[in-house]
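Look for chain A in each of the two complexes below; its partner is chain B in the first and chain C in the second.
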Partner chain A sequence: MGKLFDIALVFEYMPAIFSRVSVTLLIVSVSVVGGTLLGFLLAAVRLYRMPLLNGAAVFYISFVRGTPVIIQMFIVYYALPILLSQVDININRWNKLYFVLISYALNNAAFMAEIIRSAIASVPVGQTEAAHSVGLSGFQALRRIVLPQAFCTAFPAFGTRVVGALQDTSLAFTLGILDMLGQAQAIGVRTYHVLEGYVAVALFFIAASLLLEKGFAWAGKKLLPNAG
Partner chain B sequence: MIRVRDARKSFGKNEVLRGVSLDVKKGEVVVILGPSGSGKTTLLRCINFLENADDGELTIGDLSVRFKHATKREILSVRRRTAMVFQNYNLFNNKNALENVMEGLVTARGIPVSEARETAKRELDKVGLSDKYEAWPSQLSGGQQQRVAIARAVSLNPEVILFDEPTSALDPELVGEVLAVMRDVAREGITMVVVTHEMSFASDIADHVVFMDGGVIVEEGTPREIFTRPKEQRTRQFLDRILLKYDYAI
Partner chain C sequence: MTFDASYILVSLKVALRYLHVTLLLSVIPLLAGIALGTPIAVCRKFRMRFTSQAAGVLIPTLRGIPLVLYVLILNFLILKPLDMLAQHYAWADRLRMMNSIHIGIVAMSAYATVTISETMRSALNSVPDGQYEACFSVGLTRGQALRRIVMPQALAFAVPVLCNNFIGLIKGSSIVYVIAILDVLNGAMSSAQINYRFLEAYIAAALIYWVLCISVERASWLLERRLRRHRAELTTRG
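Up next, the complex of A and B:
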């Protein structure tokens, strides 16, 4: 078995582990894009206080934000097939990855909804009133005045959430997804060197998170020179 | 010409406007005075439908609407015939001074950008901000922001500009520059309805002064009539108080 921890192995395992980065990136992209789109819908339901739907949205958002993502993933994995079988849709043969993508998108939707909703709500009502006073319609006021300002407010929180979404992907392996962590675990089982693989994965997450954070900070400065 | 007939508005049980009627002739400057909570802001906000009055009628030029039954279309056309200058300026924070003035021209009126830009520059020049085209609201003083807001309102060439205490949020040393711009606007013959506590402005510029209290118009007349021989006790008390507070001599 040799040494307990061999730094050389960290680098030796890296190519094999990093070859699975596409799975991780796929999960992040789908969860962020899908979550943002769904988040917009949820935020609209909340902001316009749509009857019935608003209550459901409030419940959904607090449920998702109040329970661990791994539980949500298991619920989707075990409950969705049962639910859909009621309407004669059989998804038992689906690739597990689909369940992961759905759970993460649903999970992020709740976080994105709150980011979007609070950003829009934070734009002073006087901005909308001024827009109306110069003759803009409700939709024009939203598009030209409110959303651009909300975007500036939401941007940093959005960046933080993307980093969070990235780190959340590390739970996908519990469903047997062969992402980077799954690969590290597989290597560990095969070689009895568990730690080295995990260290390689950790290095990836540190680098990727820093990169994202810096990227968002940089983009923030570029996009929002007049923020504040 | 603006005509408000029997405007009524309650917030819950609080009856804020109890039947207000107001006539403003073309080119006239009407100043509305009144104690805090008398409904002055609410009246202005009802005139451009930032608030939905419960009852009454509004005529602006050839357009007449019932407050209660106004359609979205009618509300939009009322708003396109009016402009408002707010106490807190409310410049668009995501737009620079020039864009603030252009926004209504381009987006609401559909005027070509190049033409709107020329109009906006001209209006900013008139309020003495020819060196601030590119400035963001956060880079402007309160007085400068309010002057941009006035340029924004004037550029739309509305039938009336509603001013809601345009100098109340300003540091005292910045009040003068805004009042000076408002005098220019009045001199151009633009119809104005102004809520203000600036008595010297009112007595110099107003054609007509309206005193409101408790959601009704208590008394109205020429500045001379209201300031030198008010008929109503409530008007007299208000004027005594305000003149004392602001230390004005008229």
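Up next, the complex of A and C:
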């Protein structure tokens, strides 16, 4: 066993590790897009207080927010085949990546639902009433009056959540996904130099988080009125 | 493989035996984070020389690193040098005075310090500058102003966020399973190693984390209400 840490190796491993960046980005984008779409559904269920469904949504959101994403991932991994085998669908040969994508989308849905719900709830009822009084229909009032205002409230929280989702993807390797961290460990097993790989991955996460944060701050300034 | 709910109870019993480990791994980092993060936030608030610049660069950088990397990197950084020393001096086996739990606590604390220093910074920024000016005008020193006027107000702002951080730490503590610490998650898993009921074991672990997080959320709500009571008085009178 040679040196504890060799900075040259960080750069030597970088190409191999960063070649897996697509996996990480795929998980982030699918989970954010899927999560946002599902989040809208959940938020609608909660805002319109649909009977039964509302209770289920509260239960679901509380569960997802109250348990570690790593456990959710494994629950999806073990439970989904059992559930689907009830309706005679066999997914035992599925790529593990699909399970990761599904569980991260389901995870993000709960967070997005809360962001969307609280943003829409923060728009005063008077706004909807005013819209109705000038003859807008329910949907028009939502689309033209409420959602644009809700968007301004939701945007910063959305940005924070996307950065959070990016960091959460670092756990996908525990299911055996060969993402950047998985690659770093594979290199570590082969060469006995695991720290250098970790540092390379850390550098990626630092750069990506800073970039996303700055990007969202910039977009917020451009998009939102009265935000300085 | 079918699903059998009775195995959840079996795993639950085993996992609960390791509840204290999960609590240790989240409470100590929370306290360490507050103890170390607050001075960092104060340094940045008052723009103290060197420290504030260093923190201004380090904190946003370190915030980008996921918790699992803190755990993996610190585990390596703490264990490997000890290992090398042990080899060099031909100590028997590898050094075992460093328990994995301690490494987990150190890693979680490092992560918590970074997160909580940001919480405290935004809490300090939530107090208007006029409060300091008012303090100085009646002759309070900066330390007095901070301790007697600003901190109590900042704390009311910080408590809900700190509770959120705490929930994040409780959930995050499950990650230490990558360095083989027997916490709630690994405890539940250890029961599944015997009966192969992995799904039930994960559900059992999830239930424990869920109850913990809901309790903290509830406590946060009560605490917040208590801290807000003076503020409510002010607005009704004002």
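Note that in this section the second predicted complex is superposed on the first by the 225 of 228 C-alpha atoms of A that agree within 3 Å, B and C clash if a C-alpha of one lies under 4 Å from a C-alpha of the other, contacts with A are read in each partner's own complex, and residues count from 1 in each chain.
Quick note on the criterion: contacts are C-beta pairs under 8 Å (C-beta built on N, C-alpha and C of every residue); 3 or more make two chains touch, one makes a residue touch a chain.
On a predicted model such as this, the values are computed, not experimentally measured, just so you know.
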TODO: Tell me which partner A:G135 touches in the superposition: chain B (first), chain C (second), both or neither.
DONE: first
Open item on the list: A:S122 in the overlay: touching chain B, chain C, both, or neither? Say first, second, both or neither.
Closed with: neither
Task: Touching partner for A:Q167 - first (chain B), second (chain C), both, neither - done: second
TODO: Counting touched residues of chain A, say whether chain B or chain C comes out ahead.
DONE: C
Open item on the list: Quick one: is A:S22 in contact with chain B, with chain C, with both, or with neither? Answer first, second, both or neither.
Closed with: neither
Open item on the list: I'd like to know which partner A:N95 touches here: chain B for first, chain C for second, both or neither.
Closed with: neither
- [ ] Look at A:I82 in the shared chain and tell me whether it touches chain B only, chain C only, both, or neither; answer first, second, both or neither.
- [x] second
Task: chain B and chain C footprints on chain A, overlapping residues - done: none
TODO: Would you pull the chain C residues touching chain A in the complex into a rising list?
DONE: 1-3, 60-69, 72-73, 76-77, 80-81, 84, 87, 167, 171-172, 174-175, 177-178, 185, 198-199, 202-203, 205-206, 209-210, 212-214, 217
- [ ] Could you pull out which chain A residues touch chain B in their complex?
- [x] 124, 126-127, 129-137, 140, 144-145, 148-149, 152, 226, 228
Task: Contact footprint of chain C on chain A as seen in their complex - done: 1, 4, 62-63, 65-72, 74-75, 78-79, 82, 167-168, 170-171, 174, 181, 194-195, 198-199, 201-202, 205-210, 213
Open item on the list: Give the list of chain B residues in touch with chain A in this complex.
Closed with: 48-50, 76, 79-80, 82-84, 86, 88, 90-94, 96, 103-104, 107-109, 136, 138, 152-153, 156
